[in-house]
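Same chain, two partners: subunit A is paired with subunit B first, then with subunit C.
On to the complex of A and B.
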C-alpha cells in the first residue's frame, strides 16, 4: 500500500531510478522489450546481479521512513498502549522484554515440552539450550561449539570437566577459549536478543572511566600460564583483555615483556595499549611521549596502523589537559594517517570535537569543516565510539557555537541513509534532541520552532522539564500566548505538572499577555486560558492532598484568579478566591493587586457585592492598597445598609465622605 | 454429536437409495443448521458480539474468517496441524489473557509468520499488557517455531463490543 503510494508520488524518471537501484535486471528487461522497433542493436541480456535473500526486503524498507505521527514500532499501535512520557516509553519496552525473558525461562524450565521440531531446517534459538552439569559427557567438540556461541559460563564449565577427566585439549581450542574469557572478563555477557535492555541501559560513565574490573589471577591468567611456549596470540589476547578491563599496569608490563622476547604482536594489541596511555602516565607530555614511543615500536615491527590506531591516538590526545599541545598533536596526527590511507570514522570526528571544542578553550569551528567533509555520506559502524558523534556534535552546536544552521546540517546528516542507526542508545538520543530543541527554541522564530516541535514531540522525543522551561521562555519572549494551551496539554500528558517553576511560567505568560479580543485568532484564547488555569488549580489541589510535592503560592493563585475572571468563569473565580481567603495563613505570599482589582471589577459586573467586599477585606487585612478597591466598590454598586456598614469598618468613614 | 445420531437412519436410507438407484439428495444438510448460531434466551439477555450475531453463511459478506491460511487450498500444506495449532493458540490466548479477551481470536498466517489479533479489555495496566504481549509472542514462537506477532486493540469496557442481546 505504502509502496504504491510512494511510487505514484514520484516522477516517472525517478521511479525507474529507484527500481533500477533495487531490482535492476527486471526493469531493464521490461523497458528494452517495450521499444524494440527503435533500436537496431541486438538485444543484450544484462549480467545477472547477485542478490542476498534480504535484498528485496531492504529495497522495500528503503521506501519507508520513520513515521512521525506514530509511536516507534516496538510499541503497540493502540491509544491505550502508546507511551506518553519518557518513563512510560522505558517501562513499556522493558516490560515487553521482561515478558520475553519469562517465556524463555519457561522454555528452559520445561525443556521436555519444547523438544519438538517444526521448522525445516531446525532453528536452534527455538529449542531449549543444552544444559551442562558436573556429570555431562563432554568432549572437545562441545567446547568448540560453546565457544562459537560465546556461552562463557558453559564453556568454562565444560573446560573444567575436560580438565578433570584429563582429556587433552588442542592448543587452538585453548587459545580460542582464552580469547573468549579475555574478551568477556569471564562474565556472562548480556544476551544479544535483549535489544531494549541495551537501548535503555544507563551508560555508567564513572564505572566506564575509572576502576579496574579485570579479574586478577582468574581463569584467563591460568589459561595463559598453561600455554607453553607462549604464542603471540596468547600475549595479544591477554594484553587486550587486561587493557579492556583497565588492568593497565600489567597490560603494559606484558607488552614490554613481549617486546623483550622479540614476540611479534599485532596492530590491535598496540591500539588497546594506546587507548589506556592516559591511565599509565599523568601529565600530557608524558602521555604524548609514551604514545609516540608505542607508535615507533609499531613501525619498527612493520605493523600497519588502522582506524583503531587513529582513534586510540586521538583518545589519548583528548585526555590532555594542555589545550595547545592537544591541538597541535591532533593536527600532526591527522595528515599522517591520511597519508597512510586510513579513512576516519565518525568516532574519529567525535574525538576531534572533544579535543577542539572545550568548555574553557577558545571557540573552534572545526565542526564546520567536519560537516563540509562528511555531509550526505552514509556511515556504518566501524569503531565503538562512532555512536558518540551525533550527541556530541549537537552539544557543540548548542553550547559551543550556538549555531542553528550547523545544527540543521547535523540533523540532516543523521537522517541520511542508515545513519540513524549510529545515534547510540536512548540516553544519547535524548541528549541529542535535548540540545537540538533547546538550540532551536533559542534561535528560531516561535512559528518555525513549533513546526519542529510538532514533528518530534511526543513520538520521537519527549522534552524533559528543563527543556520545557526553555520552550516556555521562548514563548514568553515572543508573546506567543496562543501556543500555551497546546503546551499545557503536553505538559499534563508528560507529567510535568508538579514543577512549580513550570506552573509559574505558564501562568505568567498567560497573565502578562492579555489576549486581544479583536483579533479573530485570539477570540477563543481567554476561555482556553481560563480552562488551563482551572485545570492547573484542580491538579495542584489534587497533588497537594496526595503527594505534597507542590503547593500554591499567593501569586500563583492570584494569576489563576485573573485568568478565570478574564475567561468569564466568575463562579470558579469566586471559589478560588474563597480558597485564598480561607487559607491565607497557610499560603505564602499574596495575590498581585491587579488580580484583586480585576476580580472586584468582575464582581461589579456580576452584581455580587459580598464577593467584592470579601476581596476588599482580604486586601485590608493583608496591608495591600485598598482605597482603589473601595472606590471601585462604592461607585460600582448601590450598596445596602449592611454592606455599607462593612465598607465603613474596612476603610473608615472618611473615605465615603470624599 | 447429537445431530449425527439423528442423522444415522437418514444416512442409512440415503446410502441404500444411492446403492439401489443413483439419485440426488435434495433435503437441507442438518449440520449447517446448528453450528455458529446462538439460541435465543427467554429473557433476551444473552449478549452477542457482531461476530457472534452473524451466522456462518454471512462469512465473506458481513463478517470474515477467524483463521486465515492457505492450508486447505489445493496442495496446501499441514491442514490438520494448522487446525490443531489454531485451537491451541486460541486456548493459549484466552488463558494467558485471562478474562481480558472480548472477541474472537483471529489468526492470520503469512509465509512463516503468524499474526494474532484480538480485542482486549483495558482491565490491567499497559505495563502488564506489554509483559503479556512479550510473553505470548515469545512463548508461541517457541511453540510454533516461527515468528508470532500480536496485533491487539483495546476496549475500555467489555460492553463496548456487544452488538445485540438475544
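On to the complex of A and C.
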C-alpha cells in the first residue's frame, strides 16, 4: 500500500473569514488587527498547471525507451518463455488470450458465483452479463441499453420479444437498432478486449476483395421497411451497411431512389458509394465518370466533402487499370481537395503510393515528396486505411526504388511519437520489416547491417527463410565469415535448419572463405566453424530419423568434413567420413575432391594411415581423381606391408614404380 | 548441445572488432560453474522400479540469457523501467547471495531465491530518477514570489490542513483512513483577551500542545473527507467564538477554583495596602503596591519558593517599604 500525505496551508484571509463569520464584535480583532502591521510583502500564487488524471503517468511512461534485448511486454521476460519464432509469438500471445477467454467462459457458466461485487466503484465487466431468453421481461430501456453496449444478438432477441408482445418502440430506438444491425451486418462482432486476436487475425482473413456478404432480406431490411415515412437517416444507414458488405447494386439503387425522392443524404453515405464504384462499373473511364457524377451530386446537395471522400475517390482511382488516367485524375483530385481544406491522412498517402508506384508502370518518386511533406509529423488514426501506409511505403522503397536512405526516412517516421500505433497488425509489421531488412542487407555494408540486425532480431522481427537467404548472400558477397556462427545460432533458434538451400549456403560461405589465422579477429574462427558444421551434421542426422524432408548430399558432407578438418577435430571428421563411406548408395553426389584432399592431409598429420587409405578407396570407387591422393599417402607415411598391398590394389603397381 | 552452440557467437571476437570499428561492446558474462548433481530418490517401499521409456518431448532450443546481448552502454532505464522481482537473465550484474558451506563462493544469481526475495531498487537508479523528475517538471508551477522563507509563508498561511491518500491493491479504491483530516495552527495567531484565552484552552483541552504552542484538531467522525474538514473548521470557529462568551455562572468562580494565583484578588494585596496606608487618614489617596511587587508575589506563589524568587521578593519588599 502506498500513501501520500497532503499538507495544505490555508491563507490568513480565509481563516479570518471563517472566524469572523458570525459578526460578533470581538472576532474582528483576530482578522484586522494583525494584518495591516505585517502585510508588508505582497505575494502571488501562480496558477495551477492544468493536467488530466493520466498526464503524469504518460509523462513518466515517455521516459521509457525500447529495450531491444527484451521481448514485447505481453510476453514473460524469461529465456524459457520468450518466443523465438513467428509461430511461437502467435501461440504464446493467443494462449494468454485464450486464458482470458476461459476465465470469461467460467464467469458466464457459473454466474451464481460471481454475483458479489467487491469492487468499489463496481466493475461492470466483472459481473456476469444479463441473459435474455424467450420468457424474460423486457422493455424499451433494456433494448436501449443493449444497443449502447452494441450487443447485436441480444438486441435483436429483445427486439423480437417486444414485437411479439406488441409493445410500441419509438422511432429513435428503431433507427439506432437499424444502425447497429447495418454496421455489424447482424453478426456478433469480435469483442473489443481481445487485442491479440485482432493483432493476429488479419493474417488469414483478407476479405478486402471478397464478394458480397450482406444478408439480403434480413432484419436490417425488415427494420427499414417498418420505418414510415422513410427518413434520411434510415436511407443513410441502409446504404452504408449495404456498401460496407458489398451489396453494391442495391446500395447504388437506393442512393438513386433517395435522389429521386429529393431526400437529403450526408457526406459519409456518398463516401461509402464512391468506395464501391469499382464494383459498379468495369472500365476505368466509366468508373471515373460515375465518380465525378457522384461528386457533382454532392456539390448540388451542398455537402462538404471530408477526408473520407478524398480517400474514397483515391481508392476508386487506384483500381484503374489505365495508368495514365489514374495518374492524371489523382493529380486533378489532390489540389481540389487541398483547396477545400481537407488534410490528407496516412491512408491518402497509401493510395497515392499504390496509384503511382505500380509494378509495371514507370518509376515514380512520389514517395520522396510525400516524405518531405510529412517527415517528423505525428499522426493519429483517421481512416481505416491509415495502417496500410508504412508497409506499403517500405515495399515501395525496396521493390520500386531500392533506395536505402528513403527506407531510413520511413523508419524514422514510424518511430516518431506515437506513429508506431499505426503499423497495423502483425502481418503488416512483418511485411514492413521483411522489406526493410532485405533492402538494408542488399545496400548497406555488412557491419552496418549487422547493427540493425542486432536491434531488430529476434524480438521485433524474426526473419523468414527467404530473408535469411538474402542475409547469407550478403555475407557471402562481403566475405564476412565471422558473422556466420551468430547467424547459425539464430537459424537454430528460428528453426531454419531444415532448409537445404540455407544449409548449403552456410557451408559454402564457411568453406570458401578460409579464415586467415594471422588476423587476430579470425583466430578462433576455424574452431567455431567446425562447431557449426558438427552441429549441422548432428541436426540433419536427427532430422533424417524423424522423417523430415532434409537429407545429406555428398557436397554437404564434403563441406562438413572440410570444416571439421580445418577446426582440428579429426576424430569427428573421420566419423563423418565413415558415414559417407558406409552410406555411399544413399547419399546423392560425392564430396568435392578438395574435401578429400584436406582430409587425407589431416590424416597424414594425425598419422592414421587406415583412414587415409579408406579415403583413397572411396575416391577410387567413385571414379574420382585418385593419383594425387595416392601420392600424398605414399609420401606422407612409411606404410607397412598390409597398407602397401592395399595401396597397390587400389591404384595399381605402376604408380609405385614412378 | 544446442545451448552450447547458440552461445557460440558470444565468444566471437567482438571486442577486438569493436576496437577497430567502434561497435558497441557487449557485457561479459561471469563463467557459470554448473555441477550436474542429480537428486537422489528416497525409495521407501522397495518396489522394483518400473522402467518406462518416456517419449522424449522435443523442446525448442532455449536461448541464452539476454544479458549476454546487452551492450555496456545500454539504456538501463529502458531495460528495467518499473519495480519487478529480480530476474537473473535480465540483470547483467555478477550478483551472488546466500549461504553455502565454508570457503565456497555464495550461490550465483541463477535460480537464486534469496535474490528474488529481497526487494530491489533497480528501477530507481539515479539516471532514472533524474529522467522522471525532468519529465514531470512541466507540471510544476514555480514557488510563489514573496514567500521565500518559512517565516513569511507561515505568517500568510497560519493554518495547516493534513490529509492522506492511499493507493492499494484491493478491489476497492476506497480507504477508510483517507477521511481523516488534521488541522493545526499556532495559538499566537489568534487574538484573545485573558478570559477568552483561558476559556479557549479549557475548551480545547489536550489538543493544545504547550511546547509548540499549537492547537491541533483531528476529525474522523464523518464518512467523507470534505465533511470532516468542514467539521474541523466548525470546531475551530465554535471554540474561538465560545471562548469570548462569559456565562453568568462564571462570576461565581471562587478562590478555590482559580488555577493560578492572582495578586489582584488576594489577601496579600489587602495586606500590602494595609501596611502602605498605615498612617493615612480617611479621604487621602490610597497608595497601592507597585506592579513590580505584585508581579514578584505572583511569581513566588505560582512558581514556588526558590532562591531567585525569594531574593527578588526580599528586594521588592525592601524597595516598597523604603528600608
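Rule of thumb we're sticking to: the second predicted complex is superposed on the first by the 602 of 658 C-alpha atoms of A that agree within 3 Å, B and C clash if a C-alpha of one lies under 4 Å from a C-alpha of the other, contacts with A are read in each partner's own complex, and residues count from 1 in each chain.
Throughout what follows, a residue touches a chain if its C-beta (ideal position, glycine included) is under 8 Å from a C-beta of that chain, and two chains touch if they have at least 3 such contacts.
Just so you know, these numbers come straight off a predicted model, no measurement behind them.
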**Message:** Tell me the contact category for A:98 with respect to subunit B and subunit C: first, second, both or neither.
**Reply:** first
**Asked** Regarding the shared-chain residue A:402, is it in contact with subunit B (first), subunit C (second), both, or neither?
**Response** neither
**Message:** Applying the document's definition of touch, where does A:56 land relative to subunit B and subunit C: first, second, both, or neither?
**Reply:** second
**Message:** With both complexes overlaid on chain A, does A:47 touch subunit B (first), subunit C (second), both or neither?
**Reply:** second
**Message:** Taking the superposition on A as described, I'd like to know which of subunit B and subunit C A:64 touches: first, second, both or neither.
**Reply:** second
**Request:** Please indicate which partner A:452 is in contact with in the superposed arrangement: first for subunit B, second for subunit C, both, or neither.
**Result:** neither
**Request:** Using the superposition on chain A described above, determine whether A:114 touches subunit B (first), subunit C (second), both, or neither.
**Result:** first
**Request:** May I ask you to decide whether A:106 touches subunit B, subunit C, both, or neither, giving the answer as first, second, both or neither?
**Result:** first
**Asked** Of the partners subunit B and subunit C, which touch A:538 in the superposed model: first, second, both, neither?
**Response** second
**Request:** Please name the chain, subunit B or subunit C, that touches the greater number of residues in subunit A.
**Result:** C
**Request:** Could you give the residue numbers on subunit A that contact subunit B in one complex and subunit C in the other?
**Result:** 78-80, 88, 118-119, 123
**Parts of subunit A lying in touch with subunit C, wherever the complex brings them together** = 1-12, 15, 18-19, 21-22, 24, 26-27, 29-30, 33-34, 38, 41-49, 51, 55-56, 59-60, 62-67, 69-70, 77-80, 82, 84-85, 88, 118-121, 123, 447, 451, 454, 482, 485-486, 488-489, 492-493, 495, 520-524, 528, 531-532, 535, 538
**Item:** Contact set on subunit B toward subunit A in their complex
**Value:** 122, 126-139, 141-146, 150, 152-154
**Item:** Parts of subunit C lying in touch with subunit A, wherever the complex brings them together
**Value:** 1-2, 5-9, 11-13, 16-17, 20-21, 23, 60-66, 69-70, 74-75, 77-79, 81, 87, 89-90, 128, 131-132, 134-136, 138-142, 144-147, 152-153, 155-169, 171-174, 185, 189-191, 193, 196, 233, 236-237, 240-241, 244
**Item:** subunit B contact footprint on subunit A (complex, rising order)
**Value:** 76, 78-81, 83, 88, 91-93, 95-100, 102-104, 106-107, 114, 117-119, 122-123, 126
